[in-house]
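Okay, here's the structure, questions in a sec.
Chains: A, B and C, in written order; residue numbering restarts at 1 for each.
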Amino acid sequence: MERTGFAYDFPHDSLLSVGDLNPLDVQIIFERARHHFDAARRGDKQGDTLKGLTQINLFFENSTRTLASFEIAAKRLGADVVNFAAGSASISKGESLDDTALTLAAMRPDVLVVRHKSAGAAAHFARVTGVPTVNAGDGAHEHPTQALLDAFTLTRRWGEVGGRRILIVGDILHSRVARSNVSLLNLLNAEVRLCGPATLLPADADRWGVTVFHDLEEALEGCDAVMALRIQKERMTGGLIPSDREYAALWGLNEARLERASPECLVMHPGPMNRGVEIDGALADDPDRAVILDQVESGVAIRSAILELITGRAPNGAIADMRAHDMDGLGDGA
Amino acid sequence: MERTGFAYDFPHDSLLSVGDLNPLDVQIIFERARHHFDAARRGDKQGDTLKGLTQINLFFENSTRTLASFEIAAKRLGADVVNFAAGSASISKGESLDDTALTLAAMRPDVLVVRHKSAGAAAHFARVTGVPTVNAGDGAHEHPTQALLDAFTLTRRWGEVGGRRILIVGDILHSRVARSNVSLLNLLNAEVRLCGPATLLPADADRWGVTVFHDLEEALEGCDAVMALRIQKERMTGGLIPSDREYAALWGLNEARLERASPECLVMHPGPMNRGVEIDGALADDPDRAVILDQVESGVAIRSAILELITGRAPNGAIADMRAHDMDGLGDGA
Amino acid sequence: MERTGFAYDFPHDSLLSVGDLNPLDVQIIFERARHHFDAARRGDKQGDTLKGLTQINLFFENSTRTLASFEIAAKRLGADVVNFAAGSASISKGESLDDTALTLAAMRPDVLVVRHKSAGAAAHFARVTGVPTVNAGDGAHEHPTQALLDAFTLTRRWGEVGGRRILIVGDILHSRVARSNVSLLNLLNAEVRLCGPATLLPADADRWGVTVFHDLEEALEGCDAVMALRIQKERMTGGLIPSDREYAALWGLNEARLERASPECLVMHPGPMNRGVEIDGALADDPDRAVILDQVESGVAIRSAILELITGRAPNGAIADMRAHDMDGLGDGA
């Protein structure tokens, strides 16, 4: 772990995988995100740290909300943002993905934000183009800004996530959200549990550094937070998931089920929610438990921080701010 | 009517319905719109009253021109604008409308501009989110910025609309444009007439404070302005409207038909026009009569004014400017 | 040719056709483009020469890359940019093209960028609206910014294109890229050659001021640059072009084929490329020959220059810069 006393330059010019981060990186990201989160709450949303930079959002998969989050994060800091229509046939017109990437890079953008259905796509774009790149979801592989916003949401509540017990419920196997969250929570020394239908749990879960449960009530025992993953309806037609009703009965979160969890157990969901399936509506609306909208709000702040840090535009004050905070409790998962 | 001599704060943080406005509100809106209208004509389009604000345009119905008008209005004043694709399946992905609204609100926008096919949608979004909201059309209910831009267009020509006779022709029953115009013109003490096929007139038109005519020539008698509504082709297949040709023969506006109207009778259309159906091409192009492009131009100015006023960003000078004008002739329709 | 010693105002408020330009216009465009090209390479992309201006990109044909290029060019200089969805049914809703144009013009944009499948569409929009307009491709007619970026790319390499031999290969008949390039290269006193399937060469090529070849090897003799046109797959189904494989065998560019060209012969392609059809992948990637990504990079710079010049926003320094350069070698093709 690189760490030289009073000076720490953020050492990444892309955010492709949680696995590239060490705990100090995460702390710097969180410090800068905290600044943006608080500023937005105060209604002070005018920044210029990204002024003069061009960001291209290259979404091969539709995701209105993630796109909006990245777009707002960048525009508030003064960047010029160009969106490429998701799934648009016009993105490639039969040209190779590499040629698309190189063509865009030739327009001299400063950041690419890439969402693609293939694992490794964002990393490939970063390598081919040399342009700082944020992975906004690559297949079932990673979604690092989602994991960061989730851990940031919890950190705002708890001070830190280290030592806390967190359960992720649902289709772990196909979830980049789960994969990135497991990596980050492990890095931050949380205890991670996974639970879901046996067919949707990874076969090598023990190698993930987590505990796997097949019974939801048991899994919830003593949890400080539980995250319901979104059910992909297409998995149902594939036979991997039973009907909505069956799924809700077996794996859906609701107030009653949280009885064995910690009394202050927080409830998370990456959105968009299928109410009545993976999460009960009343629970999703419970202001004492649900932090689902906090997650969305944190998303803009985290993305603002990431964009500033990978482009070298975070002001020096960001590091100074960080030193003023307690740096103890940092794990050494690197 | 709240009115305290020399100080008047615009009392609305959303624009959902013309029914929420009183004549002084309208005068303030018009004063500010006049400022923007004149500035744009002078080529002086650079403003920063909305700098640091984020506007989300949430269009569940396609409307390229209305979207462009709101987008231009906001960007010219320095706002960051994020568009959500109209009709895009990705807006909801099966989540509830309230969850979509709350998710967007969690990104801390300062204004929502909402178009939706259901009456009351924008008001519902405003209530659920607490974010200042402009209704850009909600089903057959209201389209308040359209009514404001129409009345502003007439006010620029006449000084005021009070006492003038204005006819609206067409499918009144399904028209939010008609509904909002009737409310606003009544508020401003104009005389409003409606005319159209009997099946497309409201059954309770007498309660609207208008006079209903079944004969177009008679309805046009002495009119100072006449507004042709756009024919929705889908109404024809539904049998409510005859063919294009029959419609034009019975209800289409043309020069000959305006004989009984005032010699200076102005001709309006909310666009996009079906030339040769609800309006004759030569009449639409008559520079002495048609103010159709003035309406479009006024639209940007009115929307700029509304965005500034509901976000509390209109400079104090706007009120001072207003006091410098003649405030007589204000009706008291509140 | 208008030319008055030390002062030269750019005399065009639209860019519709290469035929409207004289060599001095081109030199001014290139000088200003050079400024933007170098600034972007230095990472200095923040400008404000277009601040306060509104640009509407009106693309009736899909073209993600050209749209992005114009969007980036404008935003980097501070313009407000509004995009109209390509091919969107909502652009017209049955209204006439002229009404769409006039409606947009009434919103007081400062520039229109128009792509349309019909020859003359951009010129028509410019005439109807009176708004400065850039032709971003009109059917098989013209694509002037493409020709400018191509010649700019070559000028950066060679100093000037006058006296050089340049070959264009492919479907000349349907190519606006070819048509605009021929005009501009002739204007700049280059020697232009055309080659391709007999059915895809213009019947009146001799009147174009070019030499036509039916044999690719012969055409390449002594060439300083060769440009492969993109094959439109729909031409194949129409029977005008054989299969991919046959096309590549007869007309595809590759290293071996360049043997008779100049040893430093440059290779160009307007993109997107069909690798293995009109151009061999290894050749497209050859850093000593291919300038394909330079073309893309030049595109943003050229469009920035054009937008500034037609709106009268290019700083006076641009002309002064130009005078500092060698003005000899200007052809007099006007």
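Note that contacts are C-beta pairs under 8 Å (C-beta built on N, C-alpha and C of every residue); 3 or more make two chains touch, one makes a residue touch a chain.
Computed from a predicted model, the values in this text were never measured in an experiment.
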- prompt: If each chain is a dot and touching chains are joined, what shape do you get: line, ring, star, complete or other?
  reply: complete
- prompt: So chain A and chain B: same face meeting same face, with over half the numbers shared, or different?
  reply: different
Query: How many angstrom lie between the CA centroids of chain A and chain B, rounded to a whole number?
result: 42
- prompt: Out of chain A, which residues touch more than one other chain, so two or more?
  reply: none
Touching residues on chain B, where the partner in the complex is chain C: 40-41, 43-46, 62-65, 68-69, 71-72, 75-76, 86, 233, 271-275, 293-294, 296-297, 299-300
Field: Sites on chain C touched by chain B in the complex
entry: 51-54, 56, 80, 82, 84-85, 88-96, 99-100, 102-110
